[in-house]
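Chain naming follows the written order as A, B and C, and within any one chain the residues start at number 1.
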Amino acid sequence: MPADQLVQNLESALSMVPLIDAHSHIDPLSPVSKSLDDILGYHYYTELAHSAGMPQTLLAKDADPRDRVREIVRFMDRYDNTAQYGWFLDIARAFLGFEDGRKLVPADADRLFDVAAKTFAQPDWEAQVFAKSRLEKVFLTNEFDDPLKGFDTAKYVPCLRTDALVFHLDRPDTRRRLEAISGVHVRDGATLRMALARVFVHFTRNGAKACAISLPPNFHPAKFDDEHFYEQMQFHGFQDLAPGVFWLIAEYCRDFKLPFDLMIGVNRRVYDKGVYQGQDLFDQRTSLVQYKDLFNAFPDVTFPVSVLTSAQNQELVAHSWIFPNVLPNGHWWYSNTPPYIRKDLTERLTAVPKTKLIGYYSDAYKLEFVKPKYGMYRRILAHVLADEYVRPGALSETDAVALGTRLLRDNVKEVFKV
Amino acid sequence: MPADQLVQNLESALSMVPLIDAHSHIDPLSPVSKSLDDILGYHYYTELAHSAGMPQTLLAKDADPRDRVREIVRFMDRYDNTAQYGWFLDIARAFLGFEDGRKLVPADADRLFDVAAKTFAQPDWEAQVFAKSRLEKVFLTNEFDDPLKGFDTAKYVPCLRTDALVFHLDRPDTRRRLEAISGVHVRDGATLRMALARVFVHFTRNGAKACAISLPPNFHPAKFDDEHFYEQMQFHGFQDLAPGVFWLIAEYCRDFKLPFDLMIGVNRRVYDKGVYQGQDLFDQRTSLVQYKDLFNAFPDVTFPVSVLTSAQNQELVAHSWIFPNVLPNGHWWYSNTPPYIRKDLTERLTAVPKTKLIGYYSDAYKLEFVKPKYGMYRRILAHVLADEYVRPGALSETDAVALGTRLLRDNVKEVFKV
Amino acid sequence: MPADQLVQNLESALSMVPLIDAHSHIDPLSPVSKSLDDILGYHYYTELAHSAGMPQTLLAKDADPRDRVREIVRFMDRYDNTAQYGWFLDIARAFLGFEDGRKLVPADADRLFDVAAKTFAQPDWEAQVFAKSRLEKVFLTNEFDDPLKGFDTAKYVPCLRTDALVFHLDRPDTRRRLEAISGVHVRDGATLRMALARVFVHFTRNGAKACAISLPPNFHPAKFDDEHFYEQMQFHGFQDLAPGVFWLIAEYCRDFKLPFDLMIGVNRRVYDKGVYQGQDLFDQRTSLVQYKDLFNAFPDVTFPVSVLTSAQNQELVAHSWIFPNVLPNGHWWYSNTPPYIRKDLTERLTAVPKTKLIGYYSDAYKLEFVKPKYGMYRRILAHVLADEYVRPGALSETDAVALGTRLLRDNVKEVFKV
């Protein structure tokens, strides 16, 4: 069988697997795009276009959406080499009738804009996207005070995002919001625990299946005692509590039996004039050793870990290889392009128990991105399965598909109990 | 010639090369397994099984070996994607008559246990393993007070392991052991030098061909003066002497003409409830620049260097490229899986003089692991030689085999003078 | 079409692209080699030969060039596995009539030495090398007080190298040289600015198209105020001014509209007894986050960035992906061997706008090295284009060649305005 045929067979079989997408930023009240502007306003396009020279003028809130789309498309011939461009082409082909093999040119912007408007306006568009993407469920990213109302939590799975609680408790607004959702006025460790408990009750009663947080490269979790909480809250404006609040949240993940997704490595606002959501970067000098105490202290909490840099993947592989509660999770952001996915996936597959590998998540803001992103992942997965298992004779094609299915779906079901 | 045929030819030719294994933990008084429990009790299996969910109950010393083997095999379908599982399958096939192409299932545990008991009980089993592995010599890891008696040092080559001397001299037990083997009561720099000299005499008279040590990521060697040794020994309980004791050992490596194997990067006991030997990890934030003074001060000492993380491989390549006394050595532990070996080997081969590349060592605790581990390495080596040299027309097949042989055998002979 | 045919087609098409080499150490008054000693005296050969055991005796200035060449060639069978050896073989074949397929042996040294002497003595040798390499222009590395006279700046493009100004202003000799070229006696911030302005005028009037600097791993640029300059200059012997002088140079790059090449990561004189230019290494623990303030403060300065370690490539990719003024530049020194180029190039191509990718530069000291180094790069580029774009159906062969041409030539023209 020719090499490509094998990869095609595997990819084709894997594309039949119904998806449970374990991390996204989908708004369940507005899950699909309403216009092409929702697609091309995604930071992957605005930041690449801007990086390639596009002024930010048309990115203003009040700019005309059609003009903005024209402008972003006009710059595409400067970044049509990228994986992110590939996602857009997939969307245009799969959802907007853009012909296979045709080159995208600036003149296409208007036609695609109009087709998108019509297509996305169909009353069953959301259902169509679910069907065309073979999407079964998608995890959300919910602020701690999200009412979690008005959507089907069997399809849109709530996930408690805790960045604000951990890193912005020094902002009066965060504390007001916490008091509003929990009914507790936080002034010391005990009241903070109570407030957090109420948040966890609210989320788990509404079908939450995970807790999540993104963390800077220099973060060290630490257990704080009540005196320290009291001191900082009473006399230091709730400053510098992040390590200890994080620790309390881990305790509630244990008590409420929620996996705790750690997304490690992001430095916020490095490029301060960058486009919206295109300002964050990282520092490769970070280590999972910073989480040593956490992983030891919470053997009963499952930690699906995403690392922002591919260089840290070996630390993630090694930790997942010996710690039962550490699991590699997806391919995040700056590591979500083919060369990094290929490398990191291969490293994980050959050294971490297969039952612990959460293959992928979309991180999408609009449902239309689930299909192209998973499509990219499945192509790479098919290649890796072919090269590392089928061709060397370690697995049959059928068994390789089963292994791929485990990464795509089975482990998500088992780890998050969905 | 089809691509695969070339790789097969190379692999087949390389598999004829008699091996000199430059680093292992073989006990020369009990070099082969006595039961399947000796094979599956290897930390690579206990830690993967535990990481995949196996309770540690049956890992207790007094647990029934057959039950333990059953349990570890029962969990294999959770980690049968790993390279480590592949080694076991190779052992089962090569030594225990397990049929090619058959899938391993829990029910096989008992049959394999019985076959192993019978096979390993053969009086010439050790010789059989040597022959089937084409193994000529294997280096040991000997504690500094090992009597080095009762085995053939031409086959089992002693290697002075110095971790305890460097890192645990503050333990009274280490000092008692040092006094017992050297006849010297250490109380200052001078007596420490005398004691170490006696240890080196003991080892070199008994055929030792290398000195070795494993080092944490933050280690900096340093030359201590006698006043500092005196001070620390007399008033601070032999604390914090590691950099200076290490330096003295390097001096004796120079005087006794022993290569000094540095195994860089391990943090001990990170996962404190991990299985036996499955508790250590690393911190990617380390640099060979920490060894700058050492490499400059000892131009006559050969330093075969192993790095625990693949990210540090480029530092190793660059240091080996300009320092005559720095050599890349094997693929260690968390970097001993196919993706890391492939990457690190390719990087080394294209930039470091071939006469300096010590290709591989088994790190094995039982001789049965030499064959599958070297088998994995040779497959990768054959691929790399094919892709980087034969297919681009840089080397003929014959010359590629010669290059591979150099990595597998010639350099070990020349560097360690065996 | 067979896989290799596609790669050959691409490589062959790319080899027709006229080169503009954006970074070299060519001496425009002596751009080509005069003897084989000029070729093999290149640090890549002396350091590999020395690293493989060659004594440094024949590297002395007054040693006989023919003897030196013999010695370096004699050691080649210890490092003929390296990419660097491959460059020499290319030179021998392309310029010295060495037959394809023949093995190089020590006895060839004399014959090649004689052929080289004769070949390089041809009056039009420089023009021949330009033609055979399809070289159009090559950037120089000029000390700040270079008179920039006696050569054609359309062919040899001046580039202001600022290492001495930034890192050695505490040396009286540097300040004397600065006074001599600028006519300004530096004693505070104002006079330093004036002196630097004169240097920039001198360079831009003489056709300079870039400013450049190499930086240690721990470097942080910083803006110094005039009081700080005054203090350090008057009372501390011009010590510790590097971050601030660097910042001033960035200001003049902005004012004089010169791209500022940053070559990040080198530690000088790590191996203090190393061969000439073979003493420098690096520390992988560095981050582009150190340049955050710089990249934000100078949106109008283009920073083509080279990183010394492949591990830092992801930081470079991510910064180039969001910062309009950060561009990945070539494959530098210890990262200029095939495995690193392949990895780093693939990572860049799939995530950074193609108009920002400066594919390669030779870093050569003699023009004869442009051809083999670019040859190596084009082979890898052809493979990457085939694997990532043509075979998956994303680009036609013609479009892939256009993409490659952009990296090889178009972007150099646009970024440096040559």
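As a convention for this text, a contact is a pair of C-beta atoms (placed from the backbone, for glycine too) under 8 Å apart; a residue touches a chain by one contact, two chains touch by 3 or more.
A quick note: this is a predicted structure, and the numbers were derived from the prediction, not measured.
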| item | value |
| --- | --- |
| Inter-copy rotation, subunit B to subunit C, in degrees (Cα atoms; steps of 5) | 120 |
| Equivalent interface positions on subunit A and subunit C, same or different at half | different |
| Distance between the centres, which are taken as Cα means, of subunit C and subunit A, whole angstrom | 39 |
| For subunit C, residues contacting two or more additional chains | 285, 311 |
| In the complex with subunit C, residue positions of subunit B that touch it | 285-289, 292, 295-296, 299, 311-312, 314-315, 317-324, 343, 346-347, 349-356, 388-389, 392, 394, 403 |
| Subunit B-touching residues of subunit C, taken from the complex the two chains share | 47-48, 50-53, 78-84, 86, 267, 270-275, 278-279, 281-285, 309-311, 334-335, 337-340, 379 |
